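Each of the next two complexes has chain A plus one other chain: chain B in the first, chain C in the second.
== the complex of A and B ==
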């Protein structure tokens, strides 16, 4: 098990390094090849040559790409100092870059916004797991019934409707029409009920989309599992139906669900752009959208890396859990 | 980061958006009908457009709540360039002179602020002298001195550290760039700029190497605000500027929120401009423009700090049910197409004229949002807010008259005259992050097809405008014969609007704004005359002449004199639009009807 864990960890680290290299190339090399001077996007309407040169110096845009990548890696562990024109800016470790748009180090921006996104992702995940898996299992057990058909129609709607549709619809009805919910984000530390009020619609909206997908997959997997020989054997042995479903069928059904959950949760932790934008939630998704609008490359880079890290970690956890569920994986 | 599982459903999305728009409109209809004026206390449609609405209802106290979809480029007075940021900065910064706090054209005029009076101009317009008022203080109670003003202005020279803001002061006072800025200044007090003298703490004297009639206009920009050396945090100053005005920063989270509270050391007796009605001023930034508009309609926030008009959905709902809360000012911006002469066949005036005549101007106006939300058809290149403008009265191509839906016959004549009787191929460059501009490009493309001009549309990365269309060599390489853009005045004069666009000295290899590459000695000469003229009537006359010369050259196809639909919350009092900030509400003297 330990060897398996080490193998997976090593693969995750290698993957992270590759991601950093690719992202760096996209942000700093592609514009260069396209003949666009990135430095000009950091200065204003009256682009003073001194300003453009200073940006180049500060960001090290004139350095070869491998030096830029090295400086970036070094910054993560040892911090980094940016200097130009008599202005010295120190970015303490872990330095994931510095935004010269908002004059903030990237790491504090990420840590400031991360709890909002985490709260959104976890809250929604609980909802979609509970309702999605339950609906899927019930549909599979009552295959062809009215419940099955109704649940699958609702699930189809959930999968089909884009999040900005359901999001705007829920805001229009519950926040602005009926005025049941204020739907303005309030930090958890400020007011628990306010936070709950601000998060409930984003949770439900996001969970609606994912629950629909989980319900359909759970149903399909469960139906497949229920047709397996070992389920028939379990029933033939006289086991109670609850045990057959709860212990034997669910274990197999949960394997693909767990894999999906890992990937979805990891991706959402990197910022649910559409949900955060629709509900004006100040999370990572909103930060990256603002950064894209303002060409704030360090923030985009930072969020991309956090997303990659989250996906890798989530997959690592899933891989480990997978190994717990299915011992054959450990030997692979 | 994820875009979630919604891609590849464009058709579905469009249908969904239409349904949502309808639902939002319905949801927004929950409020009372107040289009006639006043169920909720709103003053009426256009009640604050160039006039003051409900001035007498303003009370001291309360929290004034701004919302916005876009944070400022910088809150540092030296670095900010967004119009709404300059408007807002008057809460926490003062200048020697500033714009009058009056509606419309009167607001574009100057009035003394930190100074006791407007400048004493001598030496043929090359020396400006000011005396400071008594009782002017920083947020810690220390007096504001002439040296603080000089230091604040010197920061403009430190472009390598404080980039982004306007550099007019540098261009006017030190055109040869001899001074290196305060951070490289070897003088012990870092006040080595020779063009400014501070003989004592109450007197400041500016020596211009060459007279410039708009110098005092430039001193009214926030980049001429005082900054105290011991409080200058250089590039990080934008996070917490040190206040010289009636409010000071309490907190600022970029892209999230900003809160100003009263500066208890500011004295009303020292400030003839600011009334400082509210106790507290907040800005909350939203990522969803529709959400922002709904919050405005619901009364959760009082006004939009960006002042660029409501979103199409919000606008529809507001016009239908809350018209009394809306104003429809002219923004001061002109939206237009410009023809770079480096790209053939636009080096030929007849080919340029062919495009101007061939375009359907009503269709272009509709693409911009129509006469109310888009603006009146633009007939020339001087915005109505700039002295010297004749508005739609000057219409040399009859764009709002006989040719408003295009004149194919005249266009074909021009094509013949330029040696392209069967038309030609070209490329329209348009920013990809401005849907309205893309719609305008498509409208122009359709019009041009009718006269045989085939135009491809290149939607370039809008955030890279400076590097893409600001580089003449790149424009030529890409073959951008038509560029869709917009421009507003930095200060309301022909120089503040047109100098970077039309003067040959402003053709730059990077960050160029003279996209047409105009090298007209007559225009350069008129700008030269303008800066040497102190008489206001003569200045106005020259401005008119410059505009005529630009239009005669056929370098531009104006689309609209832009207009906005802006929301005025029920709680607001003493509200008016001002030409000083391109038709925005004048933020600094907004009050609330109730202190609650």
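== the complex of A and C ==
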């Protein structure tokens, strides 16, 4: 078990380094080969050549590639100093550079917006796990019944309807029509009830999509597991049906659900762009959308790295949970 | 026709108001039918037998003859946990220790499962839960029926693993099924089935998934444990060699019905049904020197949806053309007594069958 953990952890660290390298190449080297000057896009197209030159020197864009990569790495883990002549800026670790547009450091932008996205993703995850898995199990146990058919129709709708449709619909009905809630984002630190009010529609909207997927997977897996010989053995022992389902069948059903949860949660933590945009939540997704509109490379880069890290961490957690659930995995 | 009606009484077809059974286990006219889109599958269609404690009954037949369906029916596993599917239709009577199981409260039957009647399944790898240790699974089986703490149950589990011949049981108790070999897994399965000292043990093809050397060990184990615990055992198999080792009585199934039933030596040495002859002819034997080619039973098992009227074995029977007096071919042959405690269901007269067996079949075996 310990050896398995160490192997997974080591693999995760290697993966992280590879991700940083790849992401850096995409963002800084591809424009270079494509003939796009990053310094120009920083300063603006009508800037005078001297200013462009100064920026190029300060950002180290003229340095050899390996120096640039090294500076980037060093910035993340130890901080770095931008210097051009007398103009010196120290950027403390973790340094992801400065926004091309607002000239704010990227890291505080990320840490500002991260809790919003995290709250959105975790809250929605709780909802979709509870309702999706419960609906899936019930559908499997009542296969072919009216409940099963209607649940699966709703699930199909959930999978097919885009967030901006269900999101806007829920806003139109509950926030503007019935005026039950004030769909305005309020930070958690300011007011708990305000935060809940602002988050409830995004949670439900996002959870609806995922619950639908989870219900379908749960139903299919549960049906498969119920046909297994060891379920018959459990009944032959004289176990109550609740125990057969709740203990023996659920444990096997959880495995694929956990895999999906790891990937989905990882991806969502990197920013639920559609949901955040629909509900005007100041999270990572909204930040990255704005950054893309403004060609604000460092912000995009920062969010991309955070997303990768989140996926990596989520998968690491899933791998560990996997080993806890399935003893056969520990050997792998 | 007089013979037919007499035979009906002999196999214990239930009368309208059937009296309680005095046998340890008695199955009366058991029918298990499954409704499907293609029609009603009559997996078991009128099966009756009795079994006393300390005795072993071997149920023999091809795949699809209804052997496993019968055993699952006795345990009540056709009705437990049938979600949303079309329910199996079960009729008849199953008497265990004076209780009729089919009409009993399902929760009462559940409590009997594992405690009074236990089952060993065919493939121990798929029949054991891959995510729980052997010990956890045996402890669970014990604690359902015994109000003891985990420590006591664990001691009991180690004791049982030791009894079924697993080396270092105090260590292996914490192993997972995938860490055991096939034979060890089947031993663990047996330990789990016997942990509550059940009075009835059903072994459903207990050696089919094992290699030959391990098969013999497992059969020895089952026989020893039966002597020790004095339980009644039903061994279900398609392998006549297995029942030859274990069984006191043999019941041959074909197409969901019993075609021959009797003491093991009678069924082996004086069989009175052409299907039993076919099974014997297709069994490899090392104790005869001049073994000719194995003679398979030609054709395939009958559809259980459209069971042919008359004898179900008729399409495959090599003696279908033997002239039969006094018999309507479309009538299904009933079990008739052909010897002491020995019944067979065939349209040929007993003299015809005796002659064919002694003159044509026996010399070739």
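Just so it is clear, the second predicted complex is superposed on the first by the 326 of 332 C-alpha atoms of A that agree within 3 Å, B and C clash if a C-alpha of one lies under 4 Å from a C-alpha of the other, contacts with A are read in each partner's own complex, and residues count from 1 in each chain.
Here is the rule we go by: a residue touches a chain if its C-beta (ideal position, glycine included) is under 8 Å from a C-beta of that chain, and two chains touch if they have at least 3 such contacts.
Because the structure is a prediction, the values reported are computed rather than measured.
Partners chain B and chain C, brought together by superposition on chain A, fit side by side with no clash. In the superposition on chain A, contact is made by A:304 with chain B only, not with chain C.
Touch criterion met: A:54 reaches chain B, while chain C stays clear of it.
Of the two partner chains placed around the shared chain by superposition, neither chain B nor chain C is touched by A:180.
When the shared chain is aligned, chain C comes close enough to touch A:233, but chain B does not.
Our angle of interest has its tip at the CA centre of chain A and reaches the CA centres of chain B and chain C; in the overlay it is 150°, to the nearest 10. When the two structures are aligned on the shared chain, A:293 is found in touch with chain B, with no touch to chain C. More residues of chain A are touched by B (comparison of chain B with chain C). The least CA distance from chain B to chain C in the superposed model is 32 Å. Overlaid on A, the two complexes show chain B and chain C touching no common residue of chain A.
The part of chain A that touches chain B in the complex is made up of residues 31, 35-38, 40-55, 84-87, 89, 100-104, 112, 160-165, 168-169, 171-173, 175-177, 184, 209, 213, 267-268, 270-280, 282, 284-290, 292-295, 303-304, 307. Chain contact summary for the complex, chain C toward chain A: residues 72, 75, 77, 80-81, 83-85, 110-115, 118-119, 121, 123, 126-131, 133, 140-141, 144-145, 176, 178, 192.
Listing the residues of chain A that touch chain C in their complex gives 140-145, 148, 226, 228-241, 244, 248, 251-252, 325-328.
Chain B makes touch with chain A in their complex at residues 1-6, 9, 12-13, 16-17, 19-20, 23-24, 26-28, 30, 70-71, 73, 79, 81, 158-161, 163-167, 181, 183-184, 234-236, 238-239, 253-256, 286-288, 290-292, 294-295, 297-298, 300, 433, 461, 463-464, 466-468, 470, 474, 477, 500, 508, 510-511, 513.
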